[in-house]
Amino acid sequence: MYDLSCSGLTKRFGPFTAVSDVSLDIPSGSFFSILGPSGCGKTTLMRMIAGFESPSEGDIKIKGESVVATPPNKRNVKMVFQHLALFPMMSVGENIAYGLRCRGEKRGAIGAKVAGILDRVGLPGTEDKRIDQLSGGQKQRIAIARCMVLEPDVLLLDEPLGALDLKLREHMKIELKLLQNQFETTFLYITHDQSEALVMSDQVAVMNAGRFEQIGSPKELYDAPVSGFVAGFVGDSNCLTGTIATVDGADARVRLDDGGELIGRVADRSGPGDAVEVFLRPEALSLGAGGATTLPGTVDSLLFNGANSRVLVKLATGQMLEVADPAQSGGGAVGDTVTVSFQPERARVFARRGA
Amino acid sequence: MMGRDAGRLSLILLFMPFALWIGLLIVLPQLGIGYVSLREKVGINQYEFGFKNYADFISEPIYRNTLLRTAWMSILVTALALIAGFPVAYYIAKIAKTRSRAALFLMCLIPLWVSDLVRAYGWIVLLRETGVISTALVSIGLISQPIEMLYTDMTVIIGLVYTVILFMIVPLVSTLQGMDDALLEAGYNLGGSRFTVFRRIIVPYAMPGIVAGSIITFMLTAGSYLTPVLLGGKNSSWFTEQIYNQFITRYNWEAGATFGVLLLLFTSLVVWLGLLLTGQSLATTVAKD
Amino acid sequence: MTSILRTLLAGTAVALMAGGAQAETLRLLTWGSYAPDELVQKFEEEYPDIDVEVTFSNNEEMIAKLRATGGTGFDLAQPSHDRIYAAQLEYNIYKPLDLSKIDVDKMTPNLVEGVKANTTIDGEVYSVPHQWGTSGIMANVKEAPDAKGWGDLCSETYKGRTSMRLRRTILLGMGFAMGKNPFELYADPEAYQAMLDEVTDKLIACKDIIKTYWTGGDDLSALMLSGEVVLSETWDSTAYKIYSENKDIVFIPPETGALAWIDTFTIPRGGQADDAAYKWINFVLRPENVTIMSASTGAIAAVPNGIQLLPDDKRAAVEAAFDQADLDNLKFFANIPPGLEDMEGIALERIKAASN
């Protein structure tokens, strides 16, 4: 049994198709993310699940029951809004009690439930605070508590970390994951930030132009993207364009547009003569000889970022490549001549998008 | 040093118009009125100071009743303007497309382009016994005899609501425009019905606009003159009419000034009581940042 | 700096002097229709250096305006003859006339004497007559053929079809209709109050009968011409105007006598264009101008052949309304003693506030 499943879901606004034939099944208790650039239709998809938009085609089932005809206030799907949408004229306690009172619960029971949920999100005793007295992270937790106190079948989260500063965002990623574990509720998380999706999710759907490109675990998406879009969108990548000269088994010899050649693994059905893009993860590249392909260049700049440090290499053909430098060795000095090398299986070759 | 002096000078210059406006146009006339109201006329060109004018007001039930009646009808007009104005404001602020919003706003403004007098005559032409509505109803056979719709309290109230409703709509629109639609969606999402969302989210959110609009509307209504006098008929006394009568037809400036002070005090009292009863304060509503 | 200031001051002074020399302004405070455009233009053509500025008002507002400014702001006012004495005594808002500058000999002698008698203080005359007219009742003879006095306004016969103006005129008219003579009671405040109390009761009882109180001439015309009201208190001039549109609606001098008023020329104390004011007074009383004025106002000029100088339609209306007996029976408003209007004001407020 899936907590949430959609089949053939389509939403058209006039001639524009925002969501096109999307199907997904989210197992109970999992953290599921929809990752895509802005305007890809992920918000429309979420609004259909919440009931604010009705689908043009397709079906939405919650715990196996179709909810397409159910109004939003009767669906047991709760939502954390992008800007949280806490009610500014109510106290923290009233915000959380709102849903319980709508449901007609007894006053005494409401008080206990509100106190209980505040305890679980780590903000005990804050019932009487005003919303504007809370910090960004506290507001976040109240917004979640306000939904979780209603014990929803699915919790929808619409880029709730977008408004936070970087440090807090990193912290909240982990906290959200912990909260999800603690509540054992199905989370459907929408974001355009691939690191949020990768860190927190059990499963991620990558969405582009109203369609799902790929659904899989974060590792699958990272290591085995099925399209150039996914490869480019999930994780950091260097992207070189060229044309396949010859194919030998799984490997292809690609003649780069800017000159030079490399050997990469064909990840789709591209054949000789096809225009392609080659995606190279920074950590797949190393400085010095030793790979099947070697490309000469000079060190352009050193990007220090702790364990995430990079060396920016300018190839002889003018292309820039980011090379991972986990040992922070620096790879020499700026202007040094270096060789970038990699193994064919780490270079993924896809048909060029829009070509 | 120079910079600071210049800054202070520009602050003073900026503050001047406001200070002059408050001082010359509001405080000074009120002081003058207050002064005249404390003058007792004892003979031709002979005056003494005292509270006789106020005592006269209290001892004369006609004045008391008219003041109460004016206040009561003004409250009614305010309530009706709120009930009628809220959906209009909500439509303009939240439902209408951005482009048609300006046009709708303008349409609400149109009545203000003509004077009070013309507007009152407009109602008279419509509502009189031989007027447009009565004649039309007779000619389509809905009624057999022409009916008089003028000269009743109801007419006065309708006319006043029509005159002041814009002053209710404008502050409501500006408050409601600031409301994030996500608040409403959150309200539904958490299980609220339309009524719950309206009562617990929209109304509390709009409260600053409601309070501001109600105060303006109430004050304007209580202080209006032409509409109640022209539409009111033989039994409809309005307090401002009595102020006019005291000043103009009775040459009794002292009593007129007293009535003016009392109208100001009484309407302020009503506003204060209204805020108290609804649990609002000026600081959290009208003066909210 | 100083030179700029000096130039500015000089410029202003020149402008002021030039303004003063070029055109004198005559600021007229008068009744609606008492300064028809045709006449104002004609006057300005004859006296090119005088500009006429007109402010329309009524008796009460004229006094209130002049009282507020201490008699400044206007150069010529036209209050009714009974409203001058007390206002002058109490508020000192007018200045004495120089009768040598006015063609008094061209005016109706008894009206001049009447106004003089009413407005002489310490031997100084403050007003001369301009036009006179009456207040009475107006009836649609088809619907109310038997109306002949003030009392008919409160007759059950016309329930819901009568109107009146809730001002002092109706108090006086109703006083006469009840067999009193209010003007004789003016001198005795207690007796006058007793009469007012009776009139008040009568008019409160009358509220059931009347449709509404009218507030102005337009209002009254609409009520009569639409047929909503068949019998009303009126100014004769309004009745004449309506007569020209509907011959069934005529002015009726009440059997107790129509109440006659004389609108005067009176110069405010702060008037700054006395010569222009005298020119205007003499100008509008010239026979050819009287007709233009009367066509606009419907009132009769205070010149010996005033009725003959009315335009034809108005003269017909006057002749249809008045015979010699009616003219002999006119009741001219007597000077109002100070304080009386306050008593009347209370009575009027009682009537307005009473509901039944």
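Per-chain residue numbering starts at 1, and chain names A, B and C are given in the order in which the chains are listed.
Criterion: a residue touches a chain if its C-beta (ideal position, glycine included) is under 8 Å from a C-beta of that chain, and two chains touch if they have at least 3 such contacts.
Treat the numbers as computed from the prediction; the structure is a model and nothing was measured.
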| item | value |
| --- | --- |
| Farthest chain (mean CA position) relative to chain A | C |
| Chain closest to the assembly centre - both centres taken as Cα means | B |
| Rounded Å distance between chain B and chain C, as computed from the means of their C-alpha atoms | 35 |
| Between chain A and chain C, centroid-to-centroid distance (C-alpha), Å | 88 |
| Cα-centroid distance, chain A relative to chain B, in whole angstrom | 55 |
| Residue numbers of chain A (touch at least two other chains) | none |
| Chain A partner contacts - residues on chain B that touch it in the complex | 180, 182-183, 185-193, 196, 200-201, 204-205, 207 |
| Residues of chain A defined as touching chain B within the complex | 50-52, 71-74, 77-79, 81-83, 85-90, 98-99, 102-103, 146-147, 150 |
| Contact set on chain B toward chain C in their complex | 44-45, 62, 65-66, 124, 128-130, 148, 150-151, 229-230, 233-235, 237, 242, 245-253 |
| Complex interface listing, chain C residues touching chain B | 60-61, 63-64, 67, 87, 89-90, 167, 207, 210-213, 215, 222, 226-228, 338, 341-342, 344-345, 348-350, 352-355 |
